[in-house]
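Letters A, B, C and D name the chains as they come in the text, with residue numbers starting at 1 for each one.
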């Protein structure tokens, strides 16, 4: 109970590049998406993983849930190596770690009604047929959707509603850890706020451990207790969220912070604007 | 009323026409013995080469056989080859494409290279050559005897399979990468559950489009092979052999002999093409006129 | 770039090797061994063994194939067991005939198909686009060999504008040559006109909807220039398809040659089948396959050369 | 305010659907003074991009302007011929779009694309066009521009592509630049650079800019005036500081409050319940009424007029 619920130890993920011939001859080059990453997530932590494209934050997410396997290094789920757990593809460990995706239009199967999507998920958790419908409705209510959503297809829902369904689907497995990969970045700002508030409430109420992957520092600040800043496959800074944002140690973190739009407050006098972007922190 | 909407409705109209043609042709083929006015192989010397009239709507041929009856019975071979080849091709191709897309990695590359290899076989030449090598006689497997067309169906089916494999692969690879498939995987769903329950249903529309269009090509291939004498064997009627026989009539004025079988092929093929186009329009996400209003 | 070209070329050779192997095996799988066919049913087993030994037919299968393939690569297709004639010579006599029909059809298909497709794409929903749509369905649906028969009936028999069949080589007069191949080429081209027109229309329409076209318009570029911008991106798939069509056309040319009674590869192939002359058949089919594979290779390379993204990543 | 460079009056844009026209921009009204930077802020479906495409007459086949006027420099663009529009586009008004990846022609070099724009509007030699192109690329901060002319778009990063597009836009020194979410597809650090670049260009070239964005904070950093759109209408319009710090329309206030910031108090974000109205299902009254915490019966029934209040305009029955 005391150890970290999720730990990465020296995890590297590289992808071979090149055609069939290159691969057979073993002369394919590698693209390193994640480079020797070590981190620990404590139970109940709400961790924001921040970085730009190519930072490896999404690779980290798919490694942590077991969508891909690390090239080297070890991932521990509650102290047990994920590699060993994955030998039992549908094992009980599966339900413990679930994922919420970006609403890219592909997060939900376009041909399945919401009810069917949730019922099939519950079936895999072993919920008996008789109680699946009740539980589906309870899940929808949990994420703030009415039961009238159940017979609808994904395209009949708004982006915010689809994202809530995605969340309900993940919660249907009764996970301990939830990994959310840019779950609000494609939503309109007014819907974004709804989903962030919902995530915040649910992590608190259900005692979830949340890995929140985002490019938006301000969103992470609102939601997370801890922050991990990544760049080019490496962790450049990590720590308590407010501390890091108030006193960023790494120049890249400083650059990220200074890049966040600050509205009127961020307006610079013409002369000051010419100065380096990194200097205007805070 | 604006133009786009009119076009969309025109597409619907042609689609329905295509569907109607396909249904009529398949119906004629299935019910040929009931629908055809005469025995398609019954020779009648006194009625030979009679022009279309009330007794023989589409005339008779050199042996006095009723052209209409021969066309109706000929639909059987054409459609059997067209549809049969597509079924074989779809079974082979869809499973290969689905496997490669789902499996990824080396299995994907090897499967798709094999598909490329099969795709680099010139279909018609090989079909002609192989039937030529094996002979036009019936095929005997155990106690069952199949007509020569079985060879053609199998061959054309095999040679159609790369088309299905590539279409399935292209769509399935996109779907395999979709987040809802990942989500299903993370729930511990089995590979079969994912491949057949999530991936395949979302690939079906382009597969159906291809299938419809390939039936059309299969029909023309059957007619072509029969035309050079390597397909359906006389006296059994086939559109291809009827046209081949009609070549002698080109100079003597029995216009009905080359015209009607040709129209039969063309109309059937048009039917499948129109149907395929309509299905494509229906499913194509790029069809702005539809997605915009939806 | 060079590495890519070489890689593709060798991949095609590999394909040809394996496909050729299948072909070689199939010719051996037919009923009746070459020795039986040549020597007749009465031949003694000793005669047969002798024949097989003399022609290397008793050697291991793969060895036979390798020897045959090696000879073919040097231009030697062997000597027919049946006619005793040189297979390469037979093919060399028939290939130019087929080639001239296919080339003319290819040119017609490209010029007319891409032309029609482009015009239809420029005004989507316009009357020309509607006519094209109808024409494409018809073109795709009318079998080439029937079209040939109809053309013979009307152009040659009724109107007497062109000869109904036969073949005059270009050496005996270019006009007469073109007169003999005009109808076959048109019959062959119609399907590919439809295929290319449809592809061009779809591809160009897509390109014209592209964001870069909107950018070009937002910058005030002229319409011809914008169409040129779009064509640059729309044509590679069309050219790719055209190259593939070249390969397909050879296959359909077989049937067309039958209709117009043209002494090309079709006649040679059907003769080979009826005489069970497997070496000739093998040679012709291998040649067709090689042309087809090369057309595929050409299609692939054209695409890569036209696309700057692929050009520089090689 | 000096005489406006661009004056949009009662602009209406509608899509063609099977059931007739579906109005998406429903009477938009605002002006841009020479050298002024105006931000248009709104969520998807607010009609912000569509109205700007209408200004450029770039709506395409599925939508068209159904009413209003767009006066640029005294000329109604909606009534101009296509040939006249071609002269204006790129030379007087230029527009850059959201996705720099697809907005450049992948088959042509950057240099070719910039020089084509130059030569579309100025009768200059090839070498002169090249010189102007290099100048424009250097102007937008692309180093070694001379060498980069021969590069293809895929050899550029996302930020570089957006710079190249801006170079195309400013190559002929237009008086107005319309930037439609120019930073949305970019990484945050690159986004800041592009915003900085646009501010710089405005300062150095005296360019008027319309900056379309969904992010109020981002817009407020560089614009003089903000136009807030919702449901195809302008709901509030005023100086950037007023709009950001003391908005009077409930939507604007909530829009600001629901975007998290790096400095504000922690705790739940102000949320706007429901979703923006869908196309073709616009409410009869104020489009925001169904989601508005302050909505009264009047709001549901009738669209409030855009009333002037000092330097701003507000369309609300119950402004705060």
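Quick note on the criterion: contacts are C-beta pairs under 8 Å (C-beta built on N, C-alpha and C of every residue); 3 or more make two chains touch, one makes a residue touch a chain.
Please read these numbers as outputs of a predicted model, since none were measured by experiment.
Common neighbours of subunit B and subunit D under the contact rule above are A, C.
Should one ask which of A-B and C-D has more C-beta pairs in contact, the pair is C-D.
For this pair, subunit C with subunit D, the centres built from the Cα atoms lie 53 Å apart. Chain centres here are Cα means. That of subunit A falls 48 Å from that of subunit B. In this assembly, the C-alpha centroid of subunit A lies 32 Å from the C-alpha centroid of subunit D.
Residues of subunit B in contact with at least two other chains: 4. Residue positions of subunit C touching 2 or more other chains: 125.
The set of subunit A residues that touch two or more partner chains comprises 19. Contact residues on subunit A toward subunit B in their complex (touch as defined above): 19-20, 23, 62, 65-67, 89-91, 94-95, 97-99, 101-102, 104, 106-111, 120-121, 124-125, 166, 169-170, 173.
Of all residues in subunit C, those touching subunit D in their complex are 124-125, 209-212, 214-222, 225, 229, 232-233, 306-309, 312. Across the interface of their complex, subunit D is touched by residues 52-53, 158-161, 188-194, 196-197, 200-201, 215-219, 221-222, 245, 255-267, 270, 273, 277 of subunit A. Residues 56, 58, 60-61, 85-91, 94-97, 99, 102-108, 116-117, 120-121, 152, 154-155, 165, 168-169 of subunit D are the ones that touch subunit C when the two sit in their complex.
Contact residues on subunit D toward subunit A in their complex (touch as defined above): 43-44, 187-193, 195-196, 199-200, 203, 214-218, 220-222, 240-241, 244-245, 254-255, 258-263, 266, 268-273, 275-276, 291.
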